[in-house]
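Each of the two complexes below includes chain A, the first together with chain B, the second together with chain C.
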Partner chain A sequence: MPRLSADARHTVRFILNGREVKGQASPRTLLSDFLRHQIGATGTHVGCEHGVCGACTVDVDGMLTRACMTLAVQVEGCAVRTVEGLAPAPDRLSVLQAAFRRHHALQCGFCTAGILMSLDVFLKAVPDPDEEAVRDLLSGHLCRCTGYTPIVRAALEAAAELREVQGETTHA
Partner chain B sequence: MKPAAFDYVRAESVAEALAVLGQEGSDARILAGGMSFMAMLNMRLARPKVLVDIMRVEPLARLEVGKGALKIGAGVRQARLLAFDGLESGAPLIAKALPFTGHAQTRSRGTVCGSIAHADPSAELPLCLVTLRGHVHLKSARAGRKVAAEDFFTGMMATAKADDEMIEAVSFPTPKGEGTAFREIARRHGDFAIVACAALVSDNGIRLGVGGVADMPVARDIPLLDGSALDDALNALAWELDARDDVHASARYRRELVRRIGRSTIEEAKRCRA
Partner chain C sequence: MLDMPQDKAGEWVGRAIERVEDAALLSGGGRYLDDLGVKPGTLHMAILRAPHAHADIVSIDPAAAKALPGVAAVLTGADVAKLTTSLVVGVKAPVECWPMAVDRVRFVGEPVALVVAEDRYVAEDALDLIEVAYEMRPAVVDPLAAMEDGAPLLHHGFPRNIASDRSFRYGDPEAEFAQAAHRIAISVRYPRNSCTPIETYGLVAEYDPHEDAYDVLANFQGPFSIHAVISRALKVPGNRLRLRTPRDSGGSFGIKQGIFPYIVLGAVAARVAGRPVKWIEDRLEHLMASVSATNRATTLTAAVTPEGRITALDWDQVEDCGAHLRAPEPATLYRMHGNLTGAYDIKNLAVRNRVVVTNKCPTGLNRGFGGPQVYLALERLMQRIAVELRLDPLEVIRRNLIPADAFPYRTASGALLDSGDYQKTLEVGLEAGRLDELLARRDKARAAGRIYGIGYAAAVEPSVSNMGYIATVLTPAERRKAGPKNGAQATATVAIDPVGSVSVHVASVPQGQGHRTVLSQVVADVLGLQPSDIRVNAEMDTAKDAWSIASGNYASRFAAAVAGAAKMAADRIAARLACVAAAQLNVPAEDVMFAGGKIAARSNPANAVPFSRVAALSHWAPAQLPEGVAPTIRETVFWTPPELAAADEGDHINSSLCHGFIFDYCGIEIDRDTGEIRIDHYVTAHDCGTILHPGMVDGQIRGGFAHALGASLLEEYAYGEDGSFLTGTFADYLVPTAMEVPEPVIVHTETPSPFTPLGAKGVGEGNCMSTPACLANAVADALGITDVRLPLVPSGVAALIHGAEPPAPAGARAKPAPAPTGKGERLMRGGGRARVGAAPEAVWAMLLDPDTLAAIIPGAHDVRKVSDTKFTADVTLGIGPVKGRYKAQVSLSDLDPPKAVTLSGKVDGNLGFGGGSGRITLAPEGGGGTELSYTYEAFVGGKVASVGGRLLDGAAKVIIGQFFAALARKASSGKGTKSGLVSRLLARLSSLLGRDAR
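Entry: the complex of A and B
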């Protein structure tokens, strides 16, 4: 039974966006801080630090996860996905990101990384959601700029586009 | 907001977790999904010396449909229960209440037993456990015991669990033929309830659970009344719960919600049974 001492820093290893990473963490180090300060993955934002705002939402082993309410040592050996992993290439946006851009679904962008991660995981499980389902999902995020309407539009349009792409691949 | 320092133990069995609790007593706390407890740590409302992570203890992730009850191990996350095939037919009240528990982003990691252990008076799962007359299975290195939900919750975020005990599982009875309904009022969907009501209606009468008003979830049995007799019973219950003013709502508003949401929840449970 591993017991990690409060006074020491411990090596934590996990897969981040498909690549193995490691860094040093105290037991009390939050995953959000670990990603930003140890790994340098600053795409995940830190808002309220008590699980209310949703800005730090990431994907851990397919589970939506508030990085501020998760310890770095808890994700040892897990597969973590963050907003840095969404774009297929450095100069290309994902379908969802492109829809956000078209619809002005972000203004200051602080909440955006978390919302993109929620929608990315959600649209895989629910490829054809109605507006109510999207709004229910977005209840786990705070956005103070957009009023949510452009986010809902972008999400529904991205879902439709992804279904089309999926359909083409299936029939090909 | 960052937690104060603590040792972190990744338990590989229930016995290991219980050994740490036995040695460290109130200095040790169990960490499951962390969706309530990590917030307490970040705000330093809790400052344990040792955290015992139980999420890699496989036997705790059991979800069993037994004789007349659904038994949910300490490692079962809320999203898994919500997606469980037999939930709607076996435990319709929980199927109705769970979508109100937090958000998709917290149900994904938060556990059922963790919400029971946290014992927030406005949380949905403790309310369902009390309303359904469920049980909490506690375990320590010394012994195990089974506590009725109504004896488990003892006050605002306070429970009958001793320092060296952990919740190993909770069981929700799955009665047949009862009408069920769940309703709540919150500022935002997924926020903690200002008032939440859970109703069961059978031939024997009505059982109404109310959360968010008293310092713990409370359930009362009411005869099969309707009309103004039911209103009178709900009014008596609204006063009995001793609502307080707080930043979210006044005591008077909460009493009014108990009367109105209580009534509409009972009506819905009656329709559901018919």
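Entry: the complex of A and C
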């Protein structure tokens, strides 16, 4: 493990949503602050800075990670995915994002980025979840606007749609 | 969820279209405050907060903080006071209210000093270097105890801590109580809680010394009456305080009204630093010291006929507004003043309202705002009446509901209930939610020995507050002196640009509710366009936009007032466009219609011109406008309903414009072993007038329900008796997750309001009012109890079933710890053993040596020996998310060299305080080693105590373990055996014990 000087800033390089990025970070700089204020990827939000609310959840090398509990220097060389990387094109939405919009699964939208990341990773691992499993996953996130039901519905509908797409691809 | 109503096909209003806001929010393209760039050179603010609930500030030494590289300024309360005036206080009393403590702190978390520095990390570093000395005062946290003789006094201007004490009388309550067949009463406590938006407070402030003007961007939500409070505090006229809001806000639910004292701090900091200042509140600050709903102690008594008909009510409400009466308080207490008879036809009313201050966070807006407090008492009373008179609770509700033919109905205290058919909504709700099946389920569960209960609640949901209701706290004479206050100015602007495209601007400051989408529907309907043709901007800028004191996002005023104002603005422009088009179409203006992007003759739709062509005419060829027709470029409407008059001499007040109706019922089951409550079935029937967007209405209901569920079952801002704040993280202040929130059955009826342009009423707060009462009634029914305390956490419910848990048996413990200063601190006990590879004599010497102690105490720096048995130390330690510096004072006693010693000490820091003692014994072990065993007992208070017992216990164990591990290493390495080391170690240990070994 490299030793980093506490007083110095270090160059951190990693893959963000498929593109290499780099920036300068002190060893104590949080990944959440680094993404938002150094890289400019402000879609990842900070809600509690103690790992409970889940708003800052990102995907680091396929692992769901609280960006507020991770140091920027820890993602050196990693592949990081954030909400900015979900849509297939700037003017389109992914299947999951579109389901959120149809079901009014967001109101203020502040917690949404973390929830989308969790569901995105979860649905890849569990393509056919039941409601209980979705609720269990969502229990790692706090949403104060929606009462959660529309999020659950959107997730289940997106899962079904993704299975259909997957099935077509497989059978083709 | 409602589907698109068929009868409204062709109209956009009433359809659950997708929100225009969502694509950006779903893609990381939000524009929340902290997403917006700042000017180069912007500084960052951090705030030092009081660890004590009540203490005099003896001294503040900012020198070390100021000397830290990167720090631009450090301000204390005195510095802030020099550049400002006190915030206004909502009652007539000689009391000041500063945004930062001056001389004295009155709640845990009160700002004591602020730092502005080049970045937030440095600013927070500097906080640790500010040295504050406090002289503790006794604290009071219970509102009833605060009024007692000898209670600690918070403000000299509030004798007995009472800020206001008013009594009201409507009808002839005394006569009704004198002749009543039954007199039935209930006492309830509504707890402190908050809707805790996931985005915290944030602001960027700037000062222009040349024009003596402030420019502040903040995620403030209104009401903009607060703008006047801020500019007054900053000693500038309103036109020199430009207050702006970003496009997106991460939720508010009332809470972001409470940012205003921080706007004052940020503005002053920017002025002193000479550069823009940014501040983003962190979650710990938010939970501890942003704002809270009021907690309230209520005794409510009814005069009741043998049939269960209520003839009079007597309210005794004691409202706890926390340490300062900040604007607009005591509004929480008066928001419901016209609605104290709820959904019932009760003509006689007596009210005593007292407002008290206690050593807790000041209160402010929070979803429901006064409604939860009122309905918990009123609807619990309805259930008690049923129990005491052996009636069906549903029947008691039915017998008292306001008759459907009585609207508009004037309540005893003056509210004018606009419309409704409460009986119909109730029956539709019963049918749709299948009460009969629920009753059968209860019978079956009970027959099987399970604990099951059913609860009901009926509530009138007020919306669009009368800005004059707050003045009801004043006497009529005081009101005459203060000048008239009434109304609820709403504003909207519709504008057409040179290519004929339509923009809308409102001052509704949405916090996630989708205002932009709904307004595009409303205006599209008027102008015959698609919602996607309309661009809505809801950002707010007091320097440029139309606004008034009632602007903002509160009191559920959007659908009823703001959307209505937008319709009126669109109607006015449409009327003029019709005249312009009529001239071109050669038809009378009355024959002109707007449809499909065209303006056409109703009698001959083929005779049409494109909307944009007519719309642009005022820009390109104003001379072509028909005579007498004003340009169609921009129309701003200000609308205030005439029904919202000021309070009269008899203290009658129409506190709100619209009144929705809610009827809720539910079945709950309680786990006999754990006390956990499971909501089996929840039905909520609403009449919120005309529904503008069914998806959003149901979203508001679900969201309000989830908040209410949290308030009922989980959430409380808990304080120790000494005022220590005990729920300072989201691991301690538990809010519902997807696992706890069931989907309620939502039922709608629609009785349009005759007083609003679109017939709509507010809907966002109703379940916060009805649901806590409904769940409490179900628990009362399940357990057959009278006194139901919220939140109904499993341990509390289990105690109701099994009796309170006996205290833990007294076990082996250390020598008594220094007595805690109050009963609210967290107490910790523990002990352990360690093996050290040195003889007891060597270990003993290490424990008495400052240098060795400094080397092995986790986080220690600067250990000083005061005498042979007294040491001081500075220690930096992190517990969970809370890291801070502490000053420790340690003394050694009962020295029995080299066998045993007792360490006792106390620690104090900006994040908390504590004390404790530990007994260490050393015993020789084979091979020249020592077995060291220890026991300790300690207490912790302040912010550190709020991070949660599990964290503290764990942290204590880890830190003490680190200490002994380091001791063992040091001893084994043969170094540091000089005399005094042990004492140093002990000092360190003691400081650890005192502070961390909670």
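Please note the rule applied: the second predicted complex is superposed on the first by the 171 of 172 C-alpha atoms of A that agree within 3 Å, B and C clash if a C-alpha of one lies under 4 Å from a C-alpha of the other, contacts with A are read in each partner's own complex, and residues count from 1 in each chain.
Following the convention adopted for this analysis, a contact is a pair of C-beta atoms (placed from the backbone, for glycine too) under 8 Å apart; a residue touches a chain by one contact, two chains touch by 3 or more.
None of the values given here were measured: they were computed from a predicted structure.
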Touched partner set for A:41, first chain B, second chain C, both or neither: second
Partner chain in contact with A:93 - chain B first, chain C second, else both or neither: second
First (chain B), second (chain C), both or neither touched by A:81: neither
First, second, both or neither for A:26, with chain B first and chain C second: both
Contacts of A:136 with chain B and chain C, given as first, second, both or neither: both
Chain C versus chain B, contacts on chain A by residue: C
Touching both chain B and chain C, residues of chain A: 26, 28, 49-50, 136, 139-141
Chain C-facing residues of chain A, complex: 26, 28-29, 36, 41-50, 52-53, 55, 82-84, 86-87, 90, 93, 97, 100-102, 104, 106-113, 116, 134-136, 138-152
Interfacial residue positions of chain B with respect to chain A in the complex: 1-12, 16, 31, 34-35, 38-39, 41-43, 49, 51, 53, 55, 77, 79, 99, 102-106, 108-109, 188-190
Chain A residues touching chain B - in the complex, by the definition given at the top: 1-7, 26-28, 30, 33, 49-51, 54, 57, 60, 63-66, 68-71, 73-74, 76, 118, 122, 136-137, 139-141
Complex contacts: residues of chain C adjacent to chain A: 16, 18-19, 21-23, 25-30, 32, 34-35, 121, 195-200, 248-251, 253, 282-284, 511-514, 695-696, 698-699, 702-703, 705-707, 729-731, 735, 737-739, 741, 743, 880-881
